[in-house]
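Two complexes, one shared chain (chain A), two partners (chain B, chain C).
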Partner chain A sequence: MTEKERGATFLEKLNNLDRRIIFVLVFCLVSLPMILKLPSQVTISPEVKKAYDYIEALPEHSIVMFSVDYDATSMPEIQPMALAMMRHAFSRNLKIILTGQIAIGMPLGTQAMEETAAVYGKKYGVDYINLGYRPGYQAVIVAMGREFRDLFANDYRGTPIDNYPMMKGVHNYGNLGCVVVLAHGGTVENWIQYAQSRFGVKLIIGTTAVGAPDYYSYLQAEQLVGLLGGMRGAAEYETLVKAPGLGLLAMAPQSWVHMAILGLILLGNVTFFLVKRKAKKVEQK
Partner chain B sequence: MKQRIPLAISFVAGMFMIVSFYIPHPPLGGMEQKVLTWFAIVTGISMIVGVESLLRVNFSKTIHRRKGWGYSVILLAGCVLTLITGTIGQFKYGSPVAMESPFMYVYETMIVPLQGTMFAILSFFIASAAYRAFRARNLAATLLLLSAALVMLGRVPVGERIYSHFPQITEWIMNVPQIGAKRGIMIGAYLGAAATSIRIILGIERSYIS
Partner chain C sequence: MIISFLHTFGVWLAAFLTLAIMSFLYKDNVVYKLAEYLYVGVSAGFWLIYVLFFDVKPMIVDTWMNNTGIDRYMLIIPIVLGILMLTRMVPSISYLSRIAIAFTMGISAGLGVMGAIYGMILPQVKATMLPLNNIDNLLIIIGVICTIVYFYFSKEHKGIIGGTAKIGIVYVMIAFGAAFGYTVMARISLLIGRAYFLFHDWLGII
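Moving on to the complex of A and B:
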């Protein structure tokens, strides 16, 4: 007799729970805390504190390069990091050079930079500059170690970078305070292998929660100055710069969804073993 | 000749990049910089080849009304729209990604929501898959499940409220067992990559010219 014929028990129904119920549950747990704007607090992890402290200790007017190596697929996790870190840099009167290894992500970096620059009344070409995108990944990273102008003779609007006061005397990584790589993929390893190991660049990485574990070994080997992982990393940085944003707002939905997934895993395992035990008993009879 | 010339180019280019990495002084350093600039140019051209291939395939699909041709029409329309708005942005505002450029409108209202939606869907499937597949069937699976649960709890504020040491436990998992396993994988992967590179430079691995 099949399960259908004898009518599924409650346990069996639970074991084969309709996935639409799970979808509705996830939808509610994500949207409700966002709509209600439930507050969250996070404790600061050592890797995020290290990144913050390094930028905090840079002398005024130092240059920080931001590399936008992500696109809209990881925007919810990485864009809040970009905003918080740019905010921090501008609030400390640091200058920003923006570039990127993913063409489709450059508008996100441009938006973040223009938004934060407007808040702090920063002037293009004096306090920040957008070099734009050049194809070539590793080649671009290595070439910038010698001379920015070899690949970025002009900024993203085609104006020669020598026309801007902030680029006078700025030639390569040696003129930068640090490089902040905001990435959702393999470009981080290119930055570590080529910019850090070859030119000794001080690197801060901001990446997705899924990607962050890949870079703990580099952090431990002191090849990275700091590491921000996922929305949690963004929320921690927002806490440090005292500018709550999307990162902190997203902590409540993330909390509830994590709890729901753990609950589902637990329920899934309990029903799985109970159904298995029941099937074994039936077999023995 | 068809094989020897590509093999010779691979050998010379590979050896040159290795030597210039360790001896970055003139004239090697300057030459390396030129090679890298050319690499960027070639990568840019390869993008054009990719776009041409994408357009050709979808154009042919539309013309011959093959299965799913409607999607190809949307893709082609999207390409044309992006190209037009990007070109207007380039000529009128100096860059397609200038904030005032019409391309930014397409980007904000179409590209970002589409890409975001694609990835957002993952959260639903992850929750569903976790319920069905994440089972403690044996010791290894149980260990994986437990460490995943601890990391998930330690990464969110609510976990910290349940037990204040969850973040420290997560830090330990990330900094000790996780790194140990990852390093082993990475050493293996990079040794493999180095061996493959040497095989290509020396002409032992020739699959790329076959």
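Moving on to the complex of A and C:
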């Protein structure tokens, strides 16, 4: 075998790289920066700053509704947002109403709320309440604009919501400071189309990176107060509330893997053209 | 003691299932299938229990028990519609489910039309009517017009329309690129989430 042939074989091997090698590479690039806790600089984007500033400016004891519209499939991206935003709300003595449009996501929202409430010594029914889940998407969003009790006469424990001090005089969106929608799918559009346009609700959206680009047009149209997109959005919010969590820890692995993906795209293209050129030369001979 | 044991057991079980799902990256195997079916089954079971206790019980059973007169008997309508929906499982009377489906379709269409007009079309059109006093506004207006022209198929894309459509496709490609970049970030985030769980909750090394 000549040197030329050996080179061609190497290029061809590189061009048809076993995907399992790429998987191992990506896993290593995710793991190492996390284990070594490598720092990563995060710059705050205007859409996240707007969300933070809005909650920061709400008067004390205002009510913020959190809608849990995600489940375990997007937990790594959205749960850090939920934790950071709930921390922010409780640290400012705001009250929280938790509800959700995705049944199997409710325990995640409940977990985040109980965890942050314990940190700030907040009491159930006084500082926060969990209304639970009701099916119906658009119908639920529209009905809550009229009266919460039409759908949620009782909280998720089965206790009438009128038994809780924080729900006295709270009837609909008009009594809320804003609604934070943590979603991984199309419910965001429902909130915009029915809660924001119909009832003028101030909306902050926290969504997956896949969904985020779709909502920038709503942000530009001022239908949203703020937007948190993916883990980066969570990392930015964690930076603003000075509570480092998974979002910030994930930024170094994200950067490393992104660089590797760029390198692999480049490598794939270069080897593809080199192999093609070599084949052409062989044909000409 | 029991809570601590259950927590530890839960973490080990979750770690096993995480590794089982990841084993698919090497090749399809029995352990992966087990984890996949378990996920589907548990999700369905969890959803069923949640709907029964957070929907059917409070909105049908409790409301029936706690109300009298018209408020109670109004519940008959959703109960009947719900039962009609279940007739899909009996082929001989499955046509009855169309009544319930028509009802939900009607509501969805009614809400959808109003939502789309007042929640999307009008605000988005308004947000595009911008003064041409800065480069951002100019780019937005050019982008909207050119992209709309690109999706206008009633006239052949030649001349001015062809040129405008070409600019439109550039905007569309940029949008695809941004979406793809975000998608990469999203998928890596999921891996980071699982890796964090393995290293933090399971192995305790971070």
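The working rule: the second predicted complex is superposed on the first by the 276 of 285 C-alpha atoms of A that agree within 3 Å, B and C clash if a C-alpha of one lies under 4 Å from a C-alpha of the other, contacts with A are read in each partner's own complex, and residues count from 1 in each chain.
What we mean here is this: a contact is a pair of C-beta atoms (placed from the backbone, for glycine too) under 8 Å apart; a residue touches a chain by one contact, two chains touch by 3 or more.
In this text, all values refer to a predicted model and were calculated from it rather than measured experimentally.
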Which of chain B and chain C A:N175 touches, first, second, both or neither: neither
Touched partner set for A:S91, first chain B, second chain C, both or neither: neither
Which superposed partner A:V42 touches (first chain B, second chain C, both, neither): first
Chain B versus chain C as contact partner of A:E114, first or second or both or neither: first
Touching partner for A:M34 - first (chain B), second (chain C), both, neither: second
Which superposed partner A:R198 touches (first chain B, second chain C, both, neither): both
Touched partner set for A:Q223, first chain B, second chain C, both or neither: second
First (chain B), second (chain C), both or neither touched by A:S62: neither
Contacts of A:L25 with chain B and chain C, given as first, second, both or neither: first
Overlapping contact positions on chain A, where the chain C interface meets the chain B interface: 23, 26-27, 30, 73-76, 104, 106, 132, 134-135, 139, 142, 151, 156, 158, 198, 209, 213, 217, 220, 230, 232, 254, 257-258, 261
Of chain B, residues touching chain A in the complex: 21, 29, 32-33, 36-37, 39-40, 43-44, 47, 93-95, 97-99, 103-104, 107-108, 111-116, 118-119, 123-124, 126-128, 130-132, 134-136, 145, 149, 152-153, 155-160, 167, 171, 174-175, 178-179, 182-183, 186
Touching residues on chain C, where the partner in the complex is chain A: 25-26, 43, 46-47, 50-51, 54-55, 58-59, 62-63, 107-108, 111-112, 115-116, 118-120, 123-124, 126-127, 140, 175, 178-179, 182-186, 188-196, 199, 205-206
Of all residues in chain A, those that touch chain C in their complex: 20, 23, 26-27, 30-31, 34-35, 37, 73-77, 103-104, 106, 132-135, 138-139, 142, 151, 153-154, 156, 158, 189-190, 192-194, 196-198, 208-210, 212-213, 217-218, 220-223, 229-232, 246, 249-250, 253-254, 257-258, 261
Interface residues, chain A side, partner chain B - complex: 17, 19, 22-23, 25-27, 30, 40-43, 45-46, 71-76, 104, 106-108, 110-111, 114, 132, 134-137, 139-140, 142-143, 146-147, 150-151, 156-159, 198, 209, 213-214, 216-217, 220, 230, 232, 251-252, 254-262, 264-265, 267-269, 272
